[in-house]
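In the two complexes below, chain A is the common chain; its partner is chain B in one and chain C in the other.
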Partner chain A sequence: MILQYGQVWQYLPDFLLGALTALWIAGVAFAGGLAIGLAGASALSFGPWALRALVTAYVRFFTYTPQLVQIFFLFFALPEAGIILSPVTAVLIGMTLNAGAYLTEIQRAGFASVPPAELDAAETLGFSRAQTVWYVIAPHVVRALYPALSNHYIIMTLGTSMAAIFGVEELTGRALNANAISFRSVEIFSIVAVIYIALTIIASALLWLVGRWLFRVKAKVF
Partner chain B sequence: MSAWDIIIAEAPRFFTWWNLRFLFIALGNTLIASVAGCAIGYALGFLMATLRLPQLMPIGAVRAAAILWVEIFRRIPFLVLLLLVFFLSQFAKLEAPLWVIAVTAVALRMSALAAENIRGGFETVRPTQWEAALTMNLQPWTVLGRVVLPQSWRVILPPSIVHVLSMVKETSLVSQIGFIEITFAAKMLTQRGFSALLTYGTALVLYFCVSWALASFGRWLERRLTTRRPVSRPAASLLPAP
Partner chain C sequence: MTDVFDRRRLLGLAAGAAALPLLPPDAAARPLDAVLSTKRLRAGINPTLPPMGLFNERNQIDGFDADIAREIARRMNVELEIVQVGSPDRIPFLQSDRIDIVLGSITRTVERALVIDYTMPLHTQSMVVLTKASGTAVPINTPADLNNRAVRLVQVRGTVGVPWIQANAAQAQVTLLDNYPDCFRALAQGRADAMVDVAESIVIPMRNFQVQWKILDEVLASFWVGIGVQKGNTSLRDVLNVILFEMHRSGFVNTTWQKYFGVPMTTPIPFNPMF
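What follows is the complex of A and B.
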């Protein structure tokens, strides 16, 4: 047996489109997770104990169980309770909730990095809790946590590959389809692996530039 | 029927001795694949982390290769890595059993994460200590074993428990090649006609329990390792004790 890449190059444009799908799924889920995480971290820092317990339970549940099984549950078990989700919706909801739990944890650590004097100043100026979170804490969190957040975005881009299991045609899903047609498995999946590597390196580089220009983060992202 | 009715109606038929036995064997397989994969992965990762130390490895090309290894395996999704290992073993006509493929994939992925973790641990030791030890004519490997590792293993160990935890979760993807771990067991039970609420719900509970135990162990370890006395004691003061 010899590796025959000649038969497989025709799928390359298809794969690159799939990579775009992977990027937007990761982007949407990351944005949703960031919002959930900000709310969760504010609740953990300032909320009443019942809310804190609820958020802690949420974070524990989603960080202690595999994302794949969470999406399996959403996709296969919820229809029995009368909720039917399309594959993309199930993957997006699962990834968003999962990201929300991790980003709550990450952002909570960032809340601790805010100097207490600034919180006192905000209180003196009559900021509400929401205003304090948005105008005082969030900028600190973004700056202190930018490397951790961009790292999580990369992890989520890689995590989109499990959408293929539910029939979403992103990069891995298209690879499985091409594999079913051509049976050139090693060739296809090695190309896909290289695309993922290139994709995440480009994403890392872009995130590094954005961090450099927008937030003046000097820390390395790679 | 509401969700609760389904669960209550099916539970006695689901939680039988044979189903539970099946699930516990699957749990064992999950643990074996992740723990064995992590152990091999940590050994590989340690090798990669030491190979990129300029004090130990004078050849630049080898250092670059070690960095490349880490960057490659960090940036391939676990599912794609698993399928690649699976198809490569078929391609090479190895006829490897599924657990070997699972352990190999976990070990490759883990080696990249472990190398980064171990490198982070090495970097907590100041380079001046390397210079001092090398100036005293110690062999580089002796410096690593006697000077650097005793100080850095406390930093390395707690995140490695987190890595084992994340691998326990990643192995759920191994269900895709048919290795009977928790997720695949849940899938099989679903196909036997049990409610997906019950099967995947049980899988989630099992994963939660394992992860919770691991995470508690990791936190305990971290507390224990960080609150104990530092390795190098401060030099004795020249002043008389008060």
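What follows is the complex of A and C.
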């Protein structure tokens, strides 16, 4: 078998558009998940009993079931109740809720990792709860959790490939389309693999920039 | 700070990606002699395309394609080994020499003929429009009704309806899903109004959904489905052509077709000894 890459380069612009879709879907879902995770971790650390139970139930439900099943539910079960979500909406909601659960756990661990001595020091200095969170806990959390957060972001970027099942024309979906037309599976999927590696690098770089500018975290990416 | 990626890991990944195309080496096709001397014909069949390929009540791969493959093996006096293949992996299975022949509604196109060799046609396919008898948001009574911005179509990725829509109903909104059950479900739930596909792929599995289906009378196009062999495996293909000719002549193909579809092929295969 001789590989004929010349026959498949015509699909490259289409694949790059799909890569862009993967990148923004993962970015939006990650940002949403971060916000949910921050609220969830705060609730778990400082909230009343009932709220903690509620957040725990949410985290358990979304981490104990596969993301694919969750999105399948949003996409194919909700219409039975008259709610029809578009492919992109269903995938975004599903990925955000799933990420929120995992990022709650990750950020809660970050909250817990703040040394009690620093909290005591804050209290001694007369910091309010909000000041403690902002000046003591947050910088600590961001530094301590940076690797875990960026790993999750990369996993999410690669995980967008399952969106193809729900009719989102991201990279994998476009590769499957091209494969069905041309039958040049090895050529197509090897190109797509290289694009996914590039996506991972771009995703890491984006997070590095965010970490550097927003939180002054000097992470070594490469 | 822990590294997200260190250089060595990155290099390893890049090297892996670069080596990927080199992985399947020249897996030479098993020519006719190899099939005969091992007394084994390996047929790739997709069991998710009822009635072409399906799992029977004993969870074995069965269906029209399996019956055809069994008859081919019988006539070659070799044993048949059925290998389960799926839509995206069936061609790599053939190219990496895990199967000798591949069945499963492989519509003959120029692009595909550049990659695999086809036998003469085994059966035909007729492309039609599937919609609901109960009516849809936009009434669909003729194929021309599809070319409307308000029409939502749902299609299985990579099927022949997709290029037809691009050429003839470019205004319609198209959602591409992974498989037929997902498409039927989307239609049943009102996520889409219609689907353009070959009748042979939809008439049997659509019965699993409690919907009053409607198939428009017009046949939009006919397609020809052969059996695929690895590119250049002419010794096997030439024998298969003669066997297929005999299977058409004896009526075996049509009888088997009727067994699974209950009706003859919409577009009959002309009887042609010149191939």
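Assume the second predicted complex is superposed on the first by the 180 of 222 C-alpha atoms of A that agree within 3 Å, B and C clash if a C-alpha of one lies under 4 Å from a C-alpha of the other, contacts with A are read in each partner's own complex, and residues count from 1 in each chain.
Note that a residue touches a chain if its C-beta (ideal position, glycine included) is under 8 Å from a C-beta of that chain, and two chains touch if they have at least 3 such contacts.
Worth saying up front: this structure is predicted, and the values here are computed from it rather than measured.
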Margin query: Just checking: does A:61 make contact with chain B only, chain C only, both, or neither of them? Give me first, second, both or neither.
Written below: first
Check: When the two structures are overlaid on chain A, which partner does A:47 contact: first (chain B), second (chain C), both, or neither?
Finding: neither
Next item on the list: Counting touched residues of chain A, say whether chain B or chain C comes out ahead.
Entry: C
Checklist line | First (chain B), second (chain C), both or neither touched by A:151 | finding: second
Notebook entry, point to check: What is the contact status of A:165 with respect to chain B (first) and chain C (second): first, second, both, or neither?
Noted result: both
Check: Of the partners chain B and chain C, which touch A:27 in the superposed model: first, second, both, neither?
Finding: neither
Next item on the list: Check whether A:80 is in contact with chain B, with chain C, with both or with neither, and answer first, second, both or neither.
Entry: both
Margin query: Can you give me the overlap between the chain B contact set and the chain C contact set on chain A?
Written below: 1, 76, 79-80, 154, 164-165, 185-186, 190, 193, 197, 200-201
Margin query: Under the definition above, what is the set of chain A residues touching chain C in their complex?
Written below: 1-5, 7, 76, 79-80, 84, 87, 143, 146-147, 150-151, 154, 164-167, 169, 173, 176-177, 179-187, 190, 193-194, 197, 200-201, 204, 207-208, 217-222
Check: Touching chain A in the complex: which residues of chain B?
Finding: 2-3, 6, 71-72, 75-81, 83-84, 87-88, 90-91, 165, 169-170, 172-173, 175-176, 182-183, 186-187, 190, 195-197, 200-201, 203-204, 207-208, 211-212, 215
Margin query: Touching residues of chain C toward chain A in the complex: what are they?
Written below: 1-7, 10, 13-14, 17, 20-21, 23-24, 26-27, 87-89, 91-92, 95-96, 109, 111-112, 114-116, 154, 157-159, 162-163, 175-178, 182, 185-186, 189-191, 230-231
Margin query: Applying the document's contact rule, which stretches of chain A touch chain B when the two form their complex?
Written below: 1, 60-61, 63-70, 72-73, 76-77, 79-81, 154, 158-162, 164-165, 172, 175, 185-186, 189-190, 192-193, 196-197, 200-201
